[in-house]
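Each of the next two complexes has subunit A plus one other chain: subunit B in the first, subunit C in the second.
Then we have the complex of A and B:
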């Protein structure tokens, strides 16, 4: 399956991916409104880490064996037929099992909001259905995020 | 006599893992799951929500149609009472016989019940391990205003917190010298206790309930220390022990837990075990012990299922992970949090306001366990470090930063494999 490939040497820490992620998962679909009115600051599934000069944005790897799903006591996390590991925020009871279970720190607790629930990357499932790339990939100006087969899978195809 | 290729006694999370595992390799053969409970598969970890008023259906973590979707036959509300492992036949409480080719025991644990004088014949004495318990407690809610909870472990603190939230006066009595001893180190135990105390829960440590007084209605309990606590209900929540009822008088080996090999198979071929009933391999120290935790039950079930269906997947051991899900200040932990001897190193930070605490337990430069309070985003990275046995001598102090724990601290080569290469998570660990 295609995933978001992260090329850390190309990341310029512009945070465009974070803004795009928040906006695309908001009601307004608007970057400014989603931060200012919908209070979604920090609710990004793609998270930029910077320790200059190094920077990268990371998000859920949509694991074949999702550790987060094993730990999910409510069934909110399911692996869909297309391989996307999906967290249904409505079903989530905020037990933080996924937070402590995910080895990549890609399931996040919503601690600031009123709603106690976890959130994570859904690979922009709605955008994919519409034939678009994930929003973070689209927003990255320097190809530090690609929507593609993993490098090993690609090498296998070309062998 | 009915027949099934695979029979699973138990229908909960270990069973669900096994069904997932079997169906990865075998899409066709018949699977039968049996549970004495009426609701097939439900989340015991959500029983507190049920007591607070949630619908029972809300607890069905895989949804109503799961078994049907997986092509699994169900026998709910039936107890398995006999096992003949030589003939591969089970008997149920209505005398029916069921034969199997492969059997999984996913029968979970039973509540550990201390003998307490005066407990017999009282109406409002409860345990807290399954839906029936939760139903009884929920029904009885209007009939009591105060309760004593015996045990300050996971389920004890959880029911105490829940009842307190429902405006009951709650006192917890614990034999040990601190709360949540399995999941936390002494310092974080203290923080957890003071958080709960701040919500109005009283604690008596180093003490135990000797007698429940009253006739049919409870008037109070007396403790070993001589103290008397007036109350109207008592809940024992000391924990569960592996359920060995079914394999009594069978050749299946059981010694305070079902003995299973690397493939989750018991000493009797074709009889497997997974979940709270087994003694499972703990990856932090390589020892086998009862680890009654949700994610481990699922993973063991998955491995058992794959092997039952002809695969050959060793269970590389489980890592205990814990979340004190009910607290307002989040507390997460994994692995060894209190070092058993001096060969371990402990480092920690704690801010004086008590809103942030993190401790790391290391051995030979490798992370073996942690507790983190307050700041929990990214804590799973620490879990990953334990599982992958990565040397963290060079970065350990950075991991105590209040900042979100991230992949930045990981070795570059490891990180880039995750970022760009093949998925390496398919179950092997």
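Then we have the complex of A and C:
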């Protein structure tokens, strides 16, 4: 399946992926309003980790066998037919099992807002349906994020 | 406020931040390589240290909410007709440091730019123009010695063969090449981008005096390697891999000055490529210590020809200075295949500001003088002329070719194509656009996949425009434009200037 692939060599830690992620998952779809009015600051699935000179945007791998799903006690996390590991925030009870379970640190607890639920990358499912790339990929100025098959998967197809 | 010395108080730029729009993503803090902006967690505010801002505008370009504007500081030292504010600032700075002011990028003084006083003549009714979209239009050109005449032999069966042995030539699909920028002064990502673009475009790139990194050997077939006074990176393999070899005598931005890459910038890879110990200063002395005359130069030209089995053209690059025509004549007689003349608006990684801004002459007059002198001496066919140092647009390329060049090298505009904002701080090694820096955190800002495409687009666009301009002149091949000054007219130049350039004033 196509995923967001992270090319560490070209991540420049500009944080544009974080902002794009927040805006896309907001009501207003606007970066300033989502941060300032909707209180979505910190609620980003694309978390840029910097260990200078290295940097990369860590995000959900949409694993074939998702550890977070195994850890979810409420059934809020499911693997959809298209391979996307989806977290239904309505059903989440905030046990943080997925947060602990994900070896990549890609599931996050939402502690700031009123509703205490977990959140994670949904690969911008709505944008994909509309034929667009995930927002972080679109926002990356240095092609450090690509929406593509992983190399292993490409090789599998060739076999 | 606490007392600040004038050169700090009159900082040139103000970082204006619209605090409402700022979402504190901290991108600007990470992007600013000059530490001019930082986050105060306690107050949840991003502060600016305006005096550290160099105006590179990286933060402005990268801010996702358009919250930042870099504007000139309206509070400047008092200036008048003779004391412009930058001179005042230089005096303040020097009073404090006692050193030479070092800077990067090209001469920014308001000298006359002759290109802007030349217009291209167009065909109308008497001789028709050519539509390059419908008619073939040739930008291909060849660099190298052209024989005086071509002799053919005819075998008994009537087969015609070439008897004259042609000197080695470089074949260019467009008369624009990427000029010398060494690995060290720029990073490998940018060099790789130029190399890739040159291969795609069917033109050439130049290693500069920093050697050829092993990763770039696959692109060396379109590469011109430099032999400079420091002889950095020169080896048999280096000469063998390249398409041509360029002896660098001088550079337009710093005529008569050598190069210096400080030891702290010489990391393991640069050291390996330059063939020097890591951490040691790479000093290319101002003169080649074995060249003090044209005869000495001839020895090096022929040593290189021997080493490359007379299969590769040898370039000699000099800075444009007042007696450039006589020097060029000597270089032609020393056996060079191509002379490169670098004008005083050429860029640099680092040079004393006083030299950059006040030494040398413009490329337009230098090329006109060199072409005329070589013609007068009847040796123009012995060498090709490449112009560099101040080529800003496709029209400049057309004009310089009409003034007598065979092709042009570009460099500053190639940096503009990948984001350079002319902040003039290349010498600091902190280039925020990841161009003139080898800091691994900053160099990654140039992804060769993106940069090579932008370089390709620039030259491709220029090539299209040049075809249009040629068509307007009723010329269908760039080779027919070489030295064709009749296609130019001047506006606002003196009689003497017209005479040197060899052009007629508009109206004549």
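Assorted remarks:
Definition applied: the second predicted complex is superposed on the first by the 154 of 159 C-alpha atoms of A that agree within 3 Å, B and C clash if a C-alpha of one lies under 4 Å from a C-alpha of the other, contacts with A are read in each partner's own complex, and residues count from 1 in each chain.
By our rule, contacts are C-beta pairs under 8 Å (C-beta built on N, C-alpha and C of every residue); 3 or more make two chains touch, one makes a residue touch a chain.
Only a predicted model underlies this, so the values are computations on that prediction, with no experimental measurement involved.
With both complexes brought onto subunit A, simultaneous placement of subunit B and subunit C is permitted, the two fitting side by side without a clash. After overlaying the two complexes on the shared chain, residue contacts for A:2 are found with neither subunit B nor subunit C. Once chain A of one complex is fitted onto chain A of the other, the partner contacts of A:150 are limited to subunit B, with no touch recorded for subunit C. Of the two partner chains placed by superposition, only subunit B is touched by A:56; subunit C is not. Counting the residues of subunit A that each partner touches, subunit B and subunit C differ, and the larger count belongs to B.
By the touch criterion defined above, A:65 reaches subunit B but does not reach subunit C.
Look at A:41: by the touch rule set out above, it reaches subunit C but stays clear of subunit B.
Contacts of A:96 after superposition: subunit B is touched, whereas subunit C is not reached. Taking the C-alpha centre of subunit A as the apex, the lines running to the C-alpha centres of subunit B and subunit C meet at 150 degrees, rounded to a multiple of 10. Looking at the shared chain after the overlay, A:127 reaches neither subunit B nor subunit C. Here subunit B and subunit C sit at a least CA-CA distance of 14 Å once the structures share a frame through chain A.
On subunit A, the surface patch touched by subunit B in one complex and by subunit C in the other comprises residues 50. The touching residues of subunit B, counted against subunit A in their complex, run 43, 45-46, 49, 60-63, 294-295, 298-299, 321-323, 325, 330, 332-334, 376-381, 383-384, 387-388, 404-408, 412, 415-416, 418-423, 425-427. Contact residues on subunit A toward subunit C in their complex (touch as defined above): 9-16, 18-20, 31-32, 35-36, 41, 50, 52-53, 55, 139, 141-144. Subunit C contributes residues 20-21, 23-27, 30-31, 62, 64-65, 434, 439-441, 444-445, 447, 449-450 to its touches with subunit A in the complex.
Within the complex formed with subunit B, the residues of subunit A that make contact are 5-8, 47, 49-51, 54, 56, 58, 61, 63-68, 70-75, 93-109, 111, 150-153.
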